[in-house]
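Next up: the structures, one after another.
Each of the two complexes below includes subunit A, the first together with subunit B, the second together with subunit C.
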Partner chain A sequence: MTTKTVLSPLPGIFYRKPSPEDPVYKAEGEPCETGAVIGLVEVMKSFHEVKSDVDGTVVKFLVNDEEAVVAGQPLMEVEE
Partner chain B sequence: MVANRGEIACRIIRSAREMGIETTVIHSQCDDDSLAVRLADNAVEVGPPPASKSYLDIQAIVNAAIDHEIDAIHPGYGFLAENAKFAEAVEDAGKLFVGPDSQTIRLMGDKLAARETAKKAGVPIAEGSQSRLDSLEEMCTVAKEAGYPVLIKASAGGGGRGIRIANNQDELKRLAPQARAEAQATFGDGTLFVEKYIPQARHIEVQILGDGSEVIHCYERECSLQRRRQKVWEEAPALVLTDEIREKICASAVTLAEHVNYRGAGTVEFLYDESTEEFFFLEMNTRIQVEHPVTEMICGLDLIREMILIAQGSPLCLKQDEIRIRGHAIECRINAENPDQDFMPSPGTAESVTFPAGPGVRFDTMLFPGCNIPPYYDSMIGKLVVWDGSREAALSRLRRALSELEIEGIHTTKSLHQALVENGDVIALNIHTGFLEQWLSRRQSFHNR
Partner chain C sequence: MAIRIKESGLATSVQDLGRPGYYHLGIPISGAMDRFAMRAANLLIGNDESDAGLEAVFMGPVMEFTEDSFVAVTGAEMQPRVDGEPRETWTSFPIKAGQTLSFDFLKKGARIYIAIKGGIDVPVVLGSRATYALGALGGLDGRSLRPGDELQTWASVVKPVEGATVPADLRRLPGNPAQIRVMPGLYWHRLTEESGSLFFRDIWKVATEADRIGYRFRGGNALQFVERKQPFGAGSDPSNIVDSCYPYGSIQVPSGTEPIVLHRDAVSGGGYFMLGTVISSDMDLIGQLQPNMETRFVAVNMEEAISAREQRNANLNQVRKLLN
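Let's turn to the complex of A and B:
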C-alpha cells in the first residue's frame, strides 16, 4: 500500500463542501476513485472542481475547509 | 478613505489628491504592497486575504474609519458599494458615505421594488410581474400574459445569478424551483419575478448625477459585449440610438433618479430592442461603475470628483446644457484570464508591464512591474480606454494601443480584444448581449502569447 497526494491545480481558497450547508465531498476513511470531486478551489471569484487522480481510501486532508492554497499544494492523502 | 482595492482604489485616490483631500486606503494582508497603498497618504490593514474577512468586513472597515478619524468613505464598485447595511453603518458612525443614502441603496437593490419604482416614475419596463410571485401558478399566468420567452429573475439578484430563460410553460415549471433555490442560497431571499425576455437586445445605460434635488445625465454607454453577464467592452456614446431615442432614454433615467431624490453618481440600465426602437428599464446601480471612464472621455468630466463634491453637500456644479458629447470612447477590460483555456483565471506576478500611451489613450490599472495579482479577488487588472473624434478613429487608436500593451508573467484577455477590434460585426456595431458568447463558442483559439 502506498500513500499518494492529490494536489491543488490552482491557487485560491479550498472548500471541502459544495456549499456551507452541504456535507463534505469526501470524508476521511471514505473510498475515493479517480475523477471523483474532492473539493472546490475559488480563484478570482470563480469556482473550479478539484478531482482525484488516484484510486484508494482518503487518509486525511492536509488543508482545512476554506483555507488558502497555492498551486501544486498537497490537499489530501490517499492510500492506494 | 477608500474602502476598495485595485484600479478603482487608485482611481479614487487620484481624484481625491487633486482635490487636496488626504487619502487613506484599506487593504487586506496580501495587498500591503499594492499600487493603491503606494499612492495613498495612509494605508490601514483590515484583515486576511479572503474578501469576506477584509474588504467585505463592515465592522472592521467602520472601526478603521473611526480609529483613523476619517471624514468620508468612498466604496468604489463591487465589495460593499451597494450594501445598504454598510452605508447605514457608515452613516451611524457619523461619517459621510460617498454615494446615496442607505434607503436608496436598499430600494434599488431590491430588483422588484426598483421595477415598481420605475413603473411609478413612468419609465418603461418589460412586460411581467407587478409584484412578487409566490406560486408557480401565478408565475405561469404572468408569463402567459407577457408572452414567452420570459426571464425568471431573483428580486435580490445581482451578477446574473438566479436568472433563467424559459421558452414555454414546461420550462418555466422546471426552472423556477431551481432559480428559487439558487436565489435563496445566494442571497438568502428566494423571491422571484418574471419579465418578458428580449432576444438580441442591446445593453444601454445612462450615467446620472444627482444632488438630492436636481438630477442631470451624462449621456449613455453601450455595453452589449458581455460574457457570463459580465461586461467586456464598453463604448460611449451608443451610436445605435437616434438622437430622438437618446433624448428619451436619458430623460427616462433622469425621471427615475428624480423620483427617488437621488444623491450621487448612478447608472440606470436599460435593454434596447433595435427592431422596435423600444427600451426597457433593467436596473439601477447606485455606485460608480467600472466603465465610467468612457463617459468621462466623451463629456470631459471627472465623475469621482463630482461624487466627492456631492457627498460634501455641494449642489451640482454642472448644468445639463453644459454636458455635451464630443467624439467617441471605447473601454476594454483587461482581465488576468486565459482566453485559450475557457478564460481560466491567471493570478500570479506581472513580471514586466508596458502600458500604452500617446494621444487619447488612458490605462486605468493597479499594475506595476513585479506586482502580485492575488487569487482572492476579481480578475480585472486594467481598463484600456481610448478616445478619438469618431468611432472609426477610436477603433484605429484602440488597435494601436492594444499592440503597445505588454504584460508578462500572467495570461490576459488582451488577445480577445485584439480579435474583437478586427471583428466585422464589432466594427459594424452589429452586436447584442448574446453576441460575444455565441462568437466565442464558434472560435477555437486566440493564440494568446
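Let's turn to the complex of A and C:
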C-alpha cells in the first residue's frame, strides 16, 4: 500500500462541499477513484472542480474547507 | 492549420502588446498583462515583439501541433513539456508536427506567455489581435480558447535558434511580499493623512477576484476619508466622486475597503475616487501575482517613476541585443 497525494491544479480558495448545505464531496475513509471530484477551487470569480488522479481510499485532507491554497499544494492523501 | 487546442486551461487567450488609442471611447488597451514576458517570448524565436501569442493564467493549455514549429514560454514558472519531455521556460525549443505541448503545475508567478513561430493569425481589430473577452473583441472570436479550437500561424522565413535564452537576472517576477510602486495622486487629498500612510504600511493580500480587468486586494485597514459634503453628481459614499476617467494602473477603493488596480481590460471611467496610480514599470509584476500573495504598495514620486521606466527599457534593450 502506498500513499499518494492529490494536488491543487490552481491557486485560490479550496472548498470540500458543492454548496454550504451539502455534504462533503469525499469524507475520510471513503473510496476515491480516478476522475472523482474531491473539491472545488474558487479563483477569478469562478469555481473549478478538482478531480482525483489516483484510485484508493481517502486517508485525510491536508487543507481545511475554505482555506487558501496555492497551485501544486497537496490537498488530500489517498492510500492505493 | 498549425495548432489544435486539446485542453484550454483556465482562461487562455490570444494577446499581443495591446490596442492603444480607444480607451477614451471605452475600449480598453488589452494585450499581455506582463508585456515584457510577451516581448521576450517573441524575441526568443525571432518573431516581431508585437506578434500575437497566448497568455495562460494559473494553468497551461494542452496543444497539438500539426506543423513543425518553434516555441518559447516566458513569464511564470510553469514547466513546458513536449510529448511529456520537460523543456525550459524563457528558452526557445522546436516542436514537430504531431507533438503535443503541455504544462506542469504553476510554481511561481501567475501567467505564462507562449510565442509560436510566425505569430498567431487572427484578424486585426482596431489595430490589435489582443482578446478583450468582456467586449467579445479581438483574438479568436473575441473569447478565451476552448478545447477543439484551431489556431493558424503566419508562415515565417526566420529560422529560430534552439536554446536561445533570456538570462535569469533579466527575468522578472514579484518578490514575497510583492512590492508595487505607486504614485499617489488624483484624489489622494480625499484621505486623512493617517489613513494615507497606513495604506503604504499595511500588508495587502491579492483577492481571488483578481483578473485582467482589475486586481483586487484585501486585508489592510479600511480607508478614512476627509469629511466633506459630496459634490453635485457624486454618489453618497465618501469613496464616490463626480465621474472621471480611470487611467490604466489607477487604484480605486470602493467604500474604502478593498483597493482595485485597473489592468489591461479595465473600464475607462466611473465614480470611484483613485488614491494613486501604479507606475508603468510595475504593471507587468501585477500580472504575475497569485491570489493570496502578500503585497506592499510603495509610494514613489514622478522622478523615481521615470527612472524606474528607464531601467525597464534598458533591461528590454539588453534582451533585444542578446537575442537579435
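A few remarks follow.
Just so it is clear, the second predicted complex is superposed on the first by the 80 of 80 C-alpha atoms of A that agree within 3 Å, B and C clash if a C-alpha of one lies under 4 Å from a C-alpha of the other, contacts with A are read in each partner's own complex, and residues count from 1 in each chain.
Throughout what follows, a residue touches a chain if its C-beta (ideal position, glycine included) is under 8 Å from a C-beta of that chain, and two chains touch if they have at least 3 such contacts.
No experiment lies behind these values; they were computed from the predicted model shown.
Subunit B and subunit C, once both complexes are superposed via subunit A, clash. Using the contact criterion defined above for the overlaid structures, shared-chain residue A:Gly72 touches subunit C, although it does not reach subunit B. Look at A:Val37: by the touch rule set out above, it reaches neither subunit B nor subunit C. When the two structures are aligned on the shared chain, A:Leu7 is found in touch with subunit C, with no touch to subunit B. When both complexes are overlaid on chain A, the residue A:Ala27 reaches neither subunit B nor subunit C.
Within the superposed three-chain model, A:Lys45 lies in touch with subunit B and with subunit C [touch as defined at top]. Of 95-103, 149-157 or 239-247, the subunit B stretch that intrudes into subunit C once chain A is superposed is 95-103 (criterion: clashing C-alpha atoms). Residue overlap on subunit A between its contacts with subunit B in one complex and with subunit C in the other: 10-13, 43-45, 48, 68.
On the subunit C side of its complex with subunit A, the touching residues are 10-11, 57-59, 105-107, 110, 208-211, 290-292. Within the complex formed with subunit C, the residues of subunit A that make contact are 7, 9-13, 42-45, 48, 68, 70-72. Against subunit B, in their complex, subunit A makes its touches with residues 10-13, 19, 21, 43-46, 48, 66, 68.
The residues of subunit B lying in touch with subunit A in their complex are 49-50, 185, 336-337, 344-345, 347, 375-379.
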